[in-house]
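Inspection log for the structure reproduced underneath, given as structure tokens.
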């Protein structure tokens, strides 16, 4: 009896020792490669593209000699799109794996949960897709504390501007449309987006008939479409990312006779046509780029590499993550350091040719400090339309000569023309 | 007096816990910090299930109330200690609300109600995403500390105190009476015990510790999210931790929690599939070792 | 016009809710098992059906058939790998079998969800409409597929009703739900009856998953929500009561549709939950449940 | 006689439409032991629950030392001074015997977390008194059955109740143990407590009680000394039935050869309680065998073992092959069909549906013939064909249960306690049907009964089961002479 629990105690001690040894290498963070953490949801294509884009950038950088004589190493963490998992992964990245910078998430709420941790742990952090203006607003309002956070994609107010600019050209000038309904999921990033829509769409020539916000859990969109149809708008300007497949398929199956435009993040996925069984035909959305489009000289080579390495064209986050890592590497090079404050100072000076346009951040005077610059001289923001299984670029006209095409049931095109 | 294996295990665990900050890296300290809070969840659940005999499938209802209650108060500008108290109060109110049907219903119906309570809380959080952050999570302004060590000590201290209180209660007169009411409420009443009063007490105690731990976890992580404190998968994790560690042992839940959290973390390199593997292991334990680890370790004692 | 629209829209979604719930309630009624891997099984059926139709080239109907089959296989695995070992275990105390079954199936459901996450990603997918196009019902434009789904759901429910009430096998199922011991004494093997129920259950869940994929789409992330929704409906209708579940499915379906039309789409799930809370406190056995 | 400690009057309890207890009253003085007897379903257990507050009475009063406690919650009644010893003991298995007794001594308080010091001494004293002094540190699962019953006694004693209710005090105990328990209960009398012993029959409690109250179908049928009640005509009719008739069939007795059913040395345990002890019996093809015995003697256990529903040791052979290892359903399909005491009808299905289920194993034509024959045998079922089985009267339900079993065309029909809770006029109909069954078909029947008058007329042979053992075997003609007096 007595020796029996002695063995048990022995087993316990062995377990403890194993833990101690397991933990020991963690302290020995030497002069090896410079580590960059990537935290995103691997099960989602948008998230997977983030880690793939980052890996690709690191491979390119390492092929050209690395950074300050050291290689870049990407460490990927899966956050299952949960704030808590993301924070836990962030802590692990900072404290256990000693990364020097973090590229994370396409969800604004997750980015907002990470932002205070970036501040607390002084970790240069960039989100390649989260669009909420709150992220950059916090940097603006409390620069000393939050300066470590960067938005590597257009903030929501700029996204709204892009939608208004393109809508003016595409829907008002070309199709003579007059009215729109805003249809957005209830999330942090759509609040500034909707506000932007409401202020700039009328200026662009589209009267806003209604704003419909819905639960991101919604699966049945029939009532929403019926409600919108009753208002007889010419176009539905969306702000959707959590949902995408379902509203698109139901729009198609129910033959809602109204153009579906705005921002539908899932529709930018190359797999969207297959996911919707072709229901995406005719859908217009804002995106980063489409296959075959050369926004800058870097766009096509990176896209080609991506297809070569991962077998398919990435979601737009593949490009933004690629650019984010390039920007971080550039900042480290210029700073000759991996110290957080030095990286941040150099990041702010970034002015490079990215894959989606000229890459740089708004300064401290802008209300959106550290958000990506929007504009024809910077990132122009491309609009695409699904046409017979292909993503076709339709705006801006300078880059995209293609015409819009709509399925026969979208009657609002002809009604407006008359 | 014989030196019981339980004492040896507890002493070993305490030694491990106290010495850990000197030889564990910051990150693993963080892992244990989370595991300790889960340990309190598990102990609170075991008090209700193992002693009062109430199968509560919704421990996360109580935890979520505590976490979100504390978080919302913090957003409103309250200091952390008051927020924790407020969150615990919210959880206790929730515990009483759960106890009311529990006292009227038998069999599967009570279990169902606890599940519905979680769904309801989940929907409320999603619907009022404006204040709660919805499915993604709510950021709270304050954290306990940003030092992994300090956080570890908070969690460890909280675990030891809660463990001592809950284990003490389970071995006290109240624990005896609770077991009697849990096993057969008619017989317990015939022995002169007011079953309603004692069950209510069990719910309140369980809710109090669940809510406190939920609030503490929120202020450790800086966020309260559905995925960490409300989701049914968390309830499952708690139940599994208890079943794995040993039902009706109170302390077994801590063992199970540490195992689950640690394993989930150690298996992180295999990527998305870590949850799959941990679930599979837990399923096997449930199928083949229903008495749990501590149950097996302590078993020889009974055969005297 | 609006009323008619609500009537038509609510009908199909309610029928789908009903179909997803009857298998679940039948399982509890006859076998006493609350299968918390329910949503996972539906998701598997939908995802495999989509895969077979889109990638494997089985076509809309072939994909649907393969999807239903996948649901059946998933149900069998649930039974043989999780439920039966727990029921036959010598080490699990009988009194605690219930909680072991619930945690076991819940764990298994998580494994299904994470596994299909891994294989299919959590992107929502939709199966091609079996009959594309729209038709006009009293002036309301309705997709033909939605009509088809309503018809198929009710055909399946009708077949199930016929099976239970009109066939010898059905009588055995009914008898097993009332008094399993009595049935044993009449020389019927309960294990065979349980296998039959799991088969019916697998087919129903598979069909519901496939229809769901073609109506509103499925994603591995839906697994928990689908279980919860079936569960809510079954509690509301009364555990084990098939007609109760159907009534509850329509109550929930229409409550949601009406809210979405008349109040706001964001508030959609609220009324159904409020009804549920009231029912639980006032009539915990559900609308048609027996205690 | 001293003023009664417990004074019950006009106690009535209805469950839905069923009146389980109707206007029952009794009084127990300090130091007095009252036996409350009645067959299963007579309402005696309900009376006990009403006194203890486990069920709430619809009418009547329960005076404890002059205070009406009727309708109080159980724990208040317990605090007021009534203790109960349950028949099925459910101790806390993870705690020691000492802790189990200590539990019963604890105050009903949330705040007193540590037991008062005198509690331990009290617990030890009580343990000594009931004979558990040597096993204080053991855990209940390791204790023999009798000690578990002692533990129940100890728990009831802990509260020092003025009134003690004891349910089936001697069930499952050996003769030697019965003696020590009798002594223990007698001790309660000497303490000046009022004791209510609840049991199936007078015989087991006769030596102990001062008075006996007999119940049947919820009503009091007799009261008085044990001898008086045993001689009471109504009581005898309830337990034994009227005059015993027998109709021996000579040709059956002459037939020897291999028995169809052969039970050898059958032993069954429920946990630690022995329900059957070395029981052997056999039934030959075409025979009508009755097993008589009071409730709790082990009849149902015997039949359940034959049907494969409970695990057993010993051998049960059917038609020359062992039944062990076959599923209950397979045994039923093999021709051994049980019509259980609980009837196990499908309450929400119609009479016809119940019968059809029984006949599902038969070919279509055969099934129709069997159904027609059975509806002739039980004409009342023809009239009720579309009615839900659950809404039938008790007698009709019993006939349906028998008919449903017969739909399977059994080679051996096991009938367990068919008379349970039935009115005399129904018994007569049932008896006639059995007679016709015996005389017109080659069926083999194994009947278990408490009611001797019902069991004997058709029997070819009789076994008497008492206290888990077969104590007598013979032909019905000799039963009255050998067993008639000692049966009750």
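Per-chain residue numbering starts at 1, and chain names A, B, C and D are given in the order in which the chains are listed.
Throughout what follows, a residue touches a chain if its C-beta (ideal position, glycine included) is under 8 Å from a C-beta of that chain, and two chains touch if they have at least 3 such contacts.
In this text, all values refer to a predicted model and were calculated from it rather than measured experimentally.
Colleague: Would you identify the chain whose Cα-based centre sits farthest away from the centre of chain B?
Modeller: Of all chains, D has its centre farthest from that of chain B.
Colleague: Which chain pair is joined by more contacting C-beta pairs, B-D or A-C?
Modeller: Of the two interfaces, A-C and B-D, more C-beta pairs touch across A-C.
Colleague: Using mean CA coordinates as chain centres, what's the gap between chain A and chain C in Å?
Modeller: Measuring from centre to centre gives 36 Å for this pair.
Colleague: Counting only Cα atoms for the centres, state how far chain C is from chain D in Å.
Modeller: 44
Colleague: Can you check how far apart chain A and chain D are, centre to centre, with Cα atoms defining each centre and the answer in Å?
Modeller: Measuring from centre to centre gives 74 Å for this pair.
Colleague: Out of chain D, which residues touch more than one other chain, so two or more?
Modeller: Answer for chain D, listing residues that touch two or more other chains: there are none.
Colleague: Going by the touch rule set out above, which residues of chain A reach two or more other chains?
Modeller: In chain A, 43, 186, 215, 217 touch at least two other chains.
Colleague: Listing for chain B: what residues touch at least two other chains?
Modeller: Residues 127, 272 of chain B touch two or more partner chains.
Colleague: Name the shape of the chain contact graph, picking from line, ring, star, complete and other.
Modeller: Looks like something else, not a line, ring, star or complete graph.
Colleague: Could you run through all the chain pairs that touch each other?
Modeller: Touching chain pairs, listed by label, are A-B, A-C, B-C, B-D, C-D.
Colleague: Which residues of chain C touch chain D in the complex?
Modeller: 168, 171-172, 174-175, 178-179, 181-190
Colleague: Would you tell me which residues of chain D are touching chain C in their complex?
Modeller: Chain D reaches chain C through residues 307, 309, 327-330, 332-333, 337-340, 344-349, 353, 356-358, 360-361, 404-405, 408.
Colleague: What residues of chain C sit close enough to touch chain A in their complex?
Modeller: For chain C paired with chain A, touching residues are 5-6, 9, 13, 53-55, 117-118, 121-129, 132-134, 141-143, 145-146, 216-217, 219-220, 222, 225, 256-257, 260-261, 264-266, 268-269.
Colleague: Residue numbers of chain B touching chain A in their complex, please.
Modeller: 5, 8-9, 12, 16, 23-28, 30, 34, 126-127, 129, 133-137, 139, 143, 146, 148, 221-223, 225-228, 266, 268, 271-272, 297, 300
Colleague: Which bits of chain A are touching chain B when the two form their complex?
Modeller: Touch list, chain A to chain B: 1, 4-5, 8-9, 12-13, 16, 19-20, 22-24, 26-27, 42-43, 77-78, 80-85, 87-88, 91-92, 95-97, 107, 109-110, 112-113, 115-117, 120-121, 186-188, 215-217.
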